[in-house]
Structure formats: C-alpha cells, structure tokens
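What follows is chain A paired twice: with chain B in the first complex and chain C in the second.
Right after this comes the complex of A and B.
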C-alpha cells in the first residue's frame, strides 16, 4: 500500500534531451531513508561515482522534500537540494525554508532529479504533471531578484521560484540558489551546479494536497506541537529572542561567551559587536514573516532607508551572514553589512563562504602574502567596506583576484601559496561557519566530521552552548550531564555530537526546521516518531529505534559517499588556528580545541575504526547498507571488529 | 561597582542598556537592580541567562564578584 505523506512520485528530468519521466518512490526506500536528505543520499549514491566531475553534465542535482513537507506539521516547510559539491568535490547539500518545498509536494513530487546539461539557458516550469523547458537566454546574466520578477510577471505570480544569479552562471564554487527572493540554498555551491547545467531557474505550481494516514491522530499530535510552541516552557524565549530579533539576536550572546568569530576567526570577542547585533538591526526591519506552517517567524526583511546604502532591501541578514560579513571583516557599519548581504543574495553567493574568502584575503594582505600586482590597486584592509563590496562583485564576475577567491578559500590558498594556507579556514574545502571551537569545544568535532565540510547544520549542539542541564540529563544521564553542559570541556562531546548528527539526519529527511530541534531543543526522536506514523501509516516510523537506525544509515551512507571520493579520516581535522593558537582575547582567552579525544569518542559511538576512519563491515551490514559495502570494498579493505580494527 | 549590561527585550522593555550595581554576587546584582529593571528580569527569570566575563552563572549564584566584572543579562537563545 502506498504510504501517505509522500506523493510516491519522483520526477526525473534530462536537460540534455529535454525529456522527463515520473518514477515511483519505492516504499522500502522511504522506510529506510525517510525522504529529503536521506532520499537524496540514496539517489546520489546510486547515480554518481567517483569519476563524475561536479560541474560536468554527468553530475546530478536532487531537489527533495520529506514526508512532513507541506502537511501542516509544525516548521515543516523546508526542502533541500543535493549534488556532488563543486567546492569540496564530495557530498553537497543545502536547505531552505519558505513555501517552495510544499509547492513541490502539491505538484505531486517527493523529489526532482535533474541530469544532463541544456545546450542553452533554460528554466524548468513545473505545473503539476506538466514540465516545460522554458528558454531563458533573456534571463541569463540577470540578478536573482530581476530574474524572479520576470518569471513571475510572465508566467504567474502564484509560482514559487528558485533561481541562480550571475555567480552561479559563472560557476563560482560557492554560488547559492535564491528561493522566492529572500531564502537561500547557500552552502556547498549548488548554484554552480545549476549554472553548469545552463539551468537558470525552477518554478513550481501545484494544485494537489498531501494525504494523511490518520487525520484525527495527526491533528492531535500537531495540536500538541502547537501547544508546545505557544505555551510550552520554550515558547516565550523562542518568541522573544528568535521571533522578535531573528537569528541576529545571537550576536551579542555569542560575543558574551567569546564565540563570535572576529577578524578571520583570529579571536572570538569584538568590542563593536553591539553595532551589528539583533537590537541594532531592529530599526531596519520592515517586515517579519514565517515559513510555511511555522509559528516562530524568525524571517526578517530589512531595508536601509537613507545614506550611502539607501534602497537596500534584503532578507536577513541572518546571524551567520552578519558575522561572516561583519565581525569577521571588522566591518561595524550595519548598513554596509546589510548591503553586502543583499549583493550576495542578488548575485547568488553564499554569504558565509563569501565573507570567509574575503577575510582570508584581508589577512593575507596584512601579513604581506599577496602582492600589489595581484591586487591591482585594491586595499584589502580590515574594516574596509568599500573593498569588501568591490570584492563581492569581482568574485561574482571572476575578475582579477576575485577569480582566485571564486574558487573557494582552499583552492585560493593553493594558488596564492607563500604560507597563506594557514589562514585559509576550511574543512574538506568548505569555509568554516560562524562558531569557534576554542570557545565551544564540540564545534571542533562537528566541523571535522561533518559530511559537507566545516558546517554548523549537520551536528551543532546547543545543549552545551549555554548548558541545558535538564536536557542533558534526559538525553545522556545525570552522570554525564555536568561535563556535557560545559562548552569549554572536551568531555563527552564525541557522543553528544554523534547524537545530534543522528537527530539532524532525521530532521533533514523528514524535513523539519532546526529551530525547534537544534534550538530550542524541544523536539527529539520520540516526538518525530509520534508525528510520522499518523502522517504516513508506516508502522516502523512509530518506533524510535527504527528512526534512530534510519538516521545512522543516512549518516553512514553520506560518509561512504565521501569515502568513495577518497575523502576519509585524513581530512577530518580543523584548521590549526583553532588547535594551536590559544584564543587571544575575550572570555575564552587561552583556550584551544583539543580535537583528538572527541574524535576518538565520536568514532567509537559511530562504530567506525579510529585508525582508518572506515566503518566496520559489520556496521554497514547491521544498517542494511550491504550494497554500499560491496562497492566500498572495491576500494578499501574494510576493517572487521574482530580482525584488528580499533576504536 | 559591577557593570550590568542588559540585552534584547530586557533592554527594550526597561529602556536602558547599562546600569552599575554595588553587589558582590549575581544574586545580589539581581536583587539590587533598579526596581523597573528588577521587575522585568523577574518576569523572565526562568529564561534569563547571566554571563559574567564569559562564564554562565545561575541566577542564584553566590560566586564572589570583585567589582570589575561585566555582567550581561540576556534572554536565552542559541544555535547558529
């Protein structure tokens, strides 16, 4: 019987032949990989191999929803894209909120799988069962807002649109995709993958609904969620901090605990943080909105009404963008940061990677590692907003030193050389996010092990961020709670990160928002189980053990995807700045991140071999990943628990 | 005198961002806040985060304050 929640259909589109076909979603695959990120992992494992270049027509772009998407479950409006990443060459994925995801479901698809390359610029217009290859030469070269406007004006304002800007067209390795103007599929260069396929946009309109297995029971659980969201213990702080100020609210708090990346992550404390804080940004806010079925409403639209940057209107900036383009560059002019955020969104650039490649250049300049000849008159000095703005344009259009930075910080450092590699802050090629593992130790193991590179959204833990003892006791037991809650201790952080990574693998597959699961830590495995069974009718989903296993399966499959690409344990480290340079100032002064003990513990709980980083053969067998094991054994001699493996 | 910095809704509702308090512990700081601020902090006490020079302390903490510390009072938040 076809489960509910899902549409049971996957749309496969071949851009080379301009053909499409709909295939069924197998129930057994849904049971094992849930949907969203897990389904994408299954599809990409089977459709790709290590010989496929990320920017070749052979790469595959998956746009996926989860069973909860569009079904009125709380905070379940998100969707994701996945592909082999052009910036890292390994697993790439990015998620966005809004209303695009539900529209895919309403058009009748759980996922869209895009292969090939169009011979000319094209957009995909999806109206329920009808797919149109819309010639888009007139859109090529346009920024994301203008292109979206033209699509909506020409084809109907009820469409939802994801589109790339000039950065994606120019295959900047960290190009983003913008969704309905203000939401970004930011990380891992998914915009460059679209650009390489000559795919400017995807627009979707759907007229169907999402069927629910047991509407009465589902409604009951949803009402319980709503009660927790509005009257539960976390409801008020969620509304008064995240809702009222949005993610920028974190700037002051992170600064107070010494975890605010400043000056290319040189330190974690900045005296000017209040100038780019949530409170400072409040006066620019013109609108507050939500994603589909969300009550937190953290999405803010900001506008600069006067001065040098008058007329700037942008979604956010979110915390990560504020830090990457603000404190990280020592730019304390909030209006300049808002403007840079807008530029990134219009050009289609990931704000995190953009900020980090610029701060890398600033530091290289300060240390005399780039020549005046390479800079051609640019003055990349700390706090220089004009230069930062110019660099955003140069990166987008691959001009001068911008062409080097457009390759991402790892490649840029290899091109520049002269010891600049030390200041290129990345893991596996992805620029680090806006945390600091010297001030929040578990971030070290999060960054090192994250499947897409240095990343806060695969396993960032908040139980230790401010120390939620009740949650720590509930999840890890009273004996571990004190150590778990200490963000400046490495103790038990391997197990905490493993647990969070599993939770997020499930959340990213269901798909729900990190707000409600990461922070506030309201929803855990048990709650998701209670939601999924009445939604889908898949009995296994009512079993927390099954969901935990599915989450581990997804984590392992993605890791094996990277292992197939030759990226294993030797890449699971963090930049030396965090392991050997004691934090120079602020509340975490003197701290470094001692990664290895956390990593060792993480591997132990993952059932992977510490020496090689490879999963034990038994681990893959127990997770039902025999098809993965067979392929990996062509490349590696997988350890066995009783055969010399160590943990 | 301990420098107390107020953030977010506490600052907004209180209409003031910084106060100086003569106190030797966090609990004393909270007790000696100006009455309007004290009421606001009291209203949100379950959700208040106290950070003293980077260290998160409980609202009832009796840890001795030298007097040159900065005490930040937030409403709880988190994530990235």
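Right after this comes the complex of A and C.
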C-alpha cells in the first residue's frame, strides 16, 4: 500500500545532459529514514563517495521535504537541502521555512536530486510533471531579490522561488540560498554548490495536494495543534516573545545569562545589548509575517525609514544575524545591522559565517596579525560599521582580503598564519553560532558532535538553558532533574544533548520547525507519533520506540558520512577560547567549558567507542545500517563491544 | 442560526499569510491539503509582508441569477451549489467578481460558511478572519 503524506516520487535532474527522470520512493526507505534530512542522508550516502569534491559536477544537491510538509501540521512549511559542504568537506545541510517546501509536495515530489553541471547559467522551472531548463544568463549576477522578482513577474506570481546571489555564483564557501525573498538556507555553503552547478534558481508550482491516511483521526491532531497554540501552557509565552519580537527577543535574554557572544566570542556580556534587542527593533517593523502553516509567526519584515541606511527593507534580522553582525563586531547601530543583514540576504551570504569571518579579521588586526599591505587601506577596528559593510562586498566579489575570508574562517586562518588560528572560531570548518559554551555548558558537546560543524540546530538544548524542571523530570527523571537544569554544570549534559539530537533528527526529517520543539518545548516524540500515523498510515510511526530508533539511525548515518570523509573523533572538539580562556565578564564570569566528561557520556549513550570515536559494529547492525557497516569497514576496523569496548 | 447577511471578512493588517485558513478549508471540503483547492485564497506579498488581494465569497448572489441550470441557490442568506443540477458550464466562475469559486474536477465549489461555523475563522489564531 502506498503510504499517504508522501507523494512517493523523487525527481532526479541531470544538469549536464539537461534530462530528468522520476523514480519511486520505496516504502521501506520511508519507514526507515522518514524523509527530509533522513531521506537526504540515505540518498547522499549512496550517491556520493569520499573522492567527490564538493564543488565538482559529481556532487549531488538534494532538496527534500518530509511527510508533514504541505499539510496542516506544526510549521509544516519547512524543507531542506543537503549536499557535501564546500566549507567543511563533510555532511552539509540547511533548512528553511517559507512556502517553497509545500509547493514541491504539491508539484508531486518528495525530493529533488540534482546532479551534474550546466554549461551555461540555467534555472529549473518545475510545473507539476513538467521540468523546464530555463536559460538564465539574464539572471546571472543579479541579487536575490531582483532575480526572484524577475522570475515571478515573467513566469507567474504564484511560483515559489529559491535563488542564489552573487556570492553563490562566485562560490563563496558560505554562500546561502534565499527562498521567498527572506528565508535563508544559510549554513554550510549550499549556495556555492548551486553556483558550481551553474544553477541560479529553482521555481516550483504545484496543483496537487497532500493526502491523508485517516482524515477523521488527523482532524483530532489538527484540533490539538490549534489547542496547544491558543490555550496550551506555552501559547501565551510563545506569543509574547517569539510572536511579538521574533527571535531578536533572545538578545536581552541571552545577555542576562551571559551567553551573548561579544567581540568575536571574547565574552558573553555586552553593555550595549539593548541597542540591538527585540525592543529596539520594534520601531523598524513594517509587517508581522509567518511561514506556511505556522501558529507562532515569528517572521517579521523590517524597514529603515530614514538616515544613512534609508530604504533598507529586509526580513529579520534574526537573533543569530543580530549577534554575528552586531554584538560580535561591537556594532551598536541597529540600522547598520539591519542594512548588513539586507546585504547578506541580497548577495546570498550566510549571516552567521559572514559575521564570524569579519570578527576574526577584526581580532587579527587588533592583535597585529594582519599587515596594512594585506588590508589595502581598510581599517578593521571593533565597531567600525563602514569597514564591515565594505568587507561584505569584498567577500561576495572575492576582492582583496575578501578573497581570503570567502574561504571561511578555518582556511583563512591557515592562509594568514602567524598564530591567527587561535582566533578562528570553528568546529570542523564551520564558524561557531551565537552561543557560548562557557555560559551554557551543553553547547560545548552540541558544537563538538554536531554533524555539520559548530551548529546550534542539530542538538541545542533549552531544558538546561532555561531550567525547565518539569520537562527535565518528565524526560530524564526526578533524580537527574536538578543537575540537568543547571546550565553552568557539566552533569548529564551528554545525555541531554543525545536526547535532543535524536528529537531534532526526527524533527528535521518530518519536517517541523525548531520553534515548537527547541523552544517552546511543545512537541516531543509522542506528539510526532500521534501526527505521523494518521497522516501516513505507516503503522510503525505510531510507535514512539520506532521513531526514536529511526532518529538514531539518521544520526548514525550522517555521522558515518563524515567518517567516510575521514572526519572523526580528533575533530570533535571546540575552539580553545572556550576551554581555556575563562569568561572575562558578565554573569558567567570565570567559567570555562570542560568538554571531555560530557563528550564521554555522550559517546556512551550513543553506543560509540570513546577511544576511537567509531560506532560499535553492533550499534550499526542493531539500527539496520549494515550497508553502512560494510562500506566503513573498508576504511576502519570498527570496534566490537565484545573486544575492547568499555560499555 | 442567525446567519442573515453573514460572510467571511479579512482584516489585512492582522493577516500574516500563513495559509492555515486555506489548508483547513481544503481539508474539510476535500480531505486533502492544498491551498489551490481552497475556497478562501489570500494572495500575500512576501517581499513587503502585505495582503495583495483575497478571493472569498461575499454571498452577493450574482451567480444565482446567472446560473442557466438553477444549480446555485439561496439557502437563507448563503449561496450554495447543488452539484446534482450543475453541468459544469462554469458560467458562475466567469460571472464572479470576487474570483471566489474554486474548480475541482470541472465542478465549481464555493464558500458555504461551514454550516454557520466557518473553520477558516476558527483556525485564524490572529483573528484576521471573522464571520460577520
């Protein structure tokens, strides 16, 4: 029986030959890997190998949706892209909301798999079963907004578009893809992969719908969804924070607990934080928006009406962008930050990585590690907004020092040398996100183990960050609750992160939003089980145990993808700044992150060998990943729990 | 039910463009999720975050007068379609000033206020949609 929820079809597009073919999605794969991130991991594991260069035609770009995408489920507008990342050389994935994902489902596909390289700039126009290779020389070089508008005006306003800007075309290693103007597939340089394929945009329109296995049962889920968001215990807190301010609300909250990255993560407290806080941004707000099928509605559009940056209209800026481009550079002019956010969106740059490479240069300059000659008259001093804006342009077009920074902070530090590596804050090559492991200890293990590098979206935990005791008791038991809720203690953080990573692996495959699961913690495994069974009719999905196992399978598969690339335990660490430099100021003053005990615990609960960082053979077998085991054993001798395993 | 003169209204300043109204509409009428099947369609400009236009029945009754087969009729103050009489000529669709019909399998469908409790208004958590 064909499960509902899925369309059961995957579209394979070869850009080199300009051909496409539709293949079925096997039910057994859907059962094991669910969709979204899990499905992409399965496809990429099979289609790639360790010899494929991320920017070569052989790399594969997967655009995937999940079973919930397009239905009336919590934040079910999300979709994801995955590929081998040009910035890290390992697993790369990025998720976005907006309205593009549902349109893929309505056009009749669960995923789109793109291979090859077009000989000239091209866009893909997908109209249900018809795929057009649309010559796009006229779009090449345009910013994301103009390109989106030209496509919509010439081909129909009801299309939904994902597009790269000049940064993606120039293969800046952290280029983003912009969706529906302001939603960004930001991290891990997916825009550069599109650029390397000469693919400017994908536009989709679909006339079908998402069918449901059991409409009566699903109606109950929908009613529950409405109840949770209007009368549930989290409804009001969500509306008063995310709803009213959006993610910028976090700026003052994070400053209050000393976790607001400031001055290239030198400290976690900034006395000028109120100038870029949610409250300060309210006066620039022109619209409150939302993604598809979302009742939280945290997407806002901002405009600067006067002054030097008059005429700036942009989505966001979100918390991560505000921090990366604001407090992290000591820029306290909210209008300048909004303008820089717009520039990054238009050029198609990841705001997090952009902010972190700029702050890296600022710190190198402060410490005399870059020469005036290399800078050609630039003055990269803290708080200098003109220089930061100039640098964004230089990175996009790879001019001067911008060409070095466009390689990402890890490679830039290797090029600059002179001890600048210490100030290059990254894990596995990906710039760190806007948290600080010294003020929130579990972030250390989150960053170290995250499959795509220093990343807050694979396993960032809020139970300890905000001290939700009830939830800690519910998920981990009363004994552990006190320790779990203490964000400044390392106790039990390995378990908490493992649990959260499993939840997010599932959320990323279903696909739902982190808002609703990360914060507020409204949906957990049990809700997802109640959602998926009536939607798909796959009986295993009604079983929480099966879902947890599927989540672990997805986490393990993605980790094995990295192991195949040779990135294992020796890279699972965090920058020394967080482990050896005590927090200099703020509420978390004096703290450092003691990573090892948390990491050890995490490995134990993951059923991986702590000494080698490899999964036990049995772990992979139990998860049904025998095909992964066979391939990994060509490279490693996987430990067995019987011989030498400590657990 | 006291439905005299009621129809669905939208306060565009509150609308966020989330599409939930369209989803619950298509789900309750056809059992599938697709904004294009819905009887309420809000065209939202994502660049500036504004409602551009809305397609929803104002229960004006113009289609009732034009239908050659008498398939559209007043039930109280609501215009309904009798699909047994409808032959799919789509005169109503072309007549409608508000682009309120959606056509599924060649037959026109329109808003019937869900028997007095419009689901789109119920599910609009912002309160942008209301029946009045």
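Assume the second predicted complex is superposed on the first by the 646 of 647 C-alpha atoms of A that agree within 3 Å, B and C clash if a C-alpha of one lies under 4 Å from a C-alpha of the other, contacts with A are read in each partner's own complex, and residues count from 1 in each chain.
What we mean here is this: a residue touches a chain if its C-beta (ideal position, glycine included) is under 8 Å from a C-beta of that chain, and two chains touch if they have at least 3 such contacts.
The model shown is predicted, which means the values in this text are computed figures rather than measured ones.
With both structures placed on the common chain, the touch criterion links A:278 to chain B but leaves chain C unconnected.
In the superposition on chain A, A:396 makes contact with neither chain B nor chain C.
Applying the stated contact rule after C-alpha superposition, one finds that A:226 touches chain C and leaves chain B untouched. In the superposition on chain A, contact of A:149 is made with chain C only, not with chain B.
After overlaying the two complexes on the shared chain, residue contacts for A:509 are found with neither chain B nor chain C. In the superposition on chain A, no contact is made by A:321 with either chain B or chain C. When the two complexes are overlaid on their common chain A, residue A:295 makes contact with chain C while staying clear of chain B. For chain B in complex with chain A, the touching residues are 7-9, 11-12, 44, 46-47, 49, 51, 53-56, 72, 74-80. Within the complex formed with chain C, the chain A residues making contact are 70-72, 77, 98-99, 106, 145, 148-149, 157, 180-182, 207-212, 215, 219, 222, 226, 229-230, 286-295, 297, 299-301, 313. The residues of chain C lying in touch with chain A in their complex are 16-20, 23-24, 26-27, 30-34, 36-37, 43, 46-50, 122-123, 125-126.
The touching residues of chain A, counted against chain B in their complex, run 233, 236-237, 240-242, 244-245, 247, 249-250, 252-253, 256-258, 277-279, 319-320, 433-435, 456-457, 460, 462, 465-467, 514-515, 518-520, 586-588.
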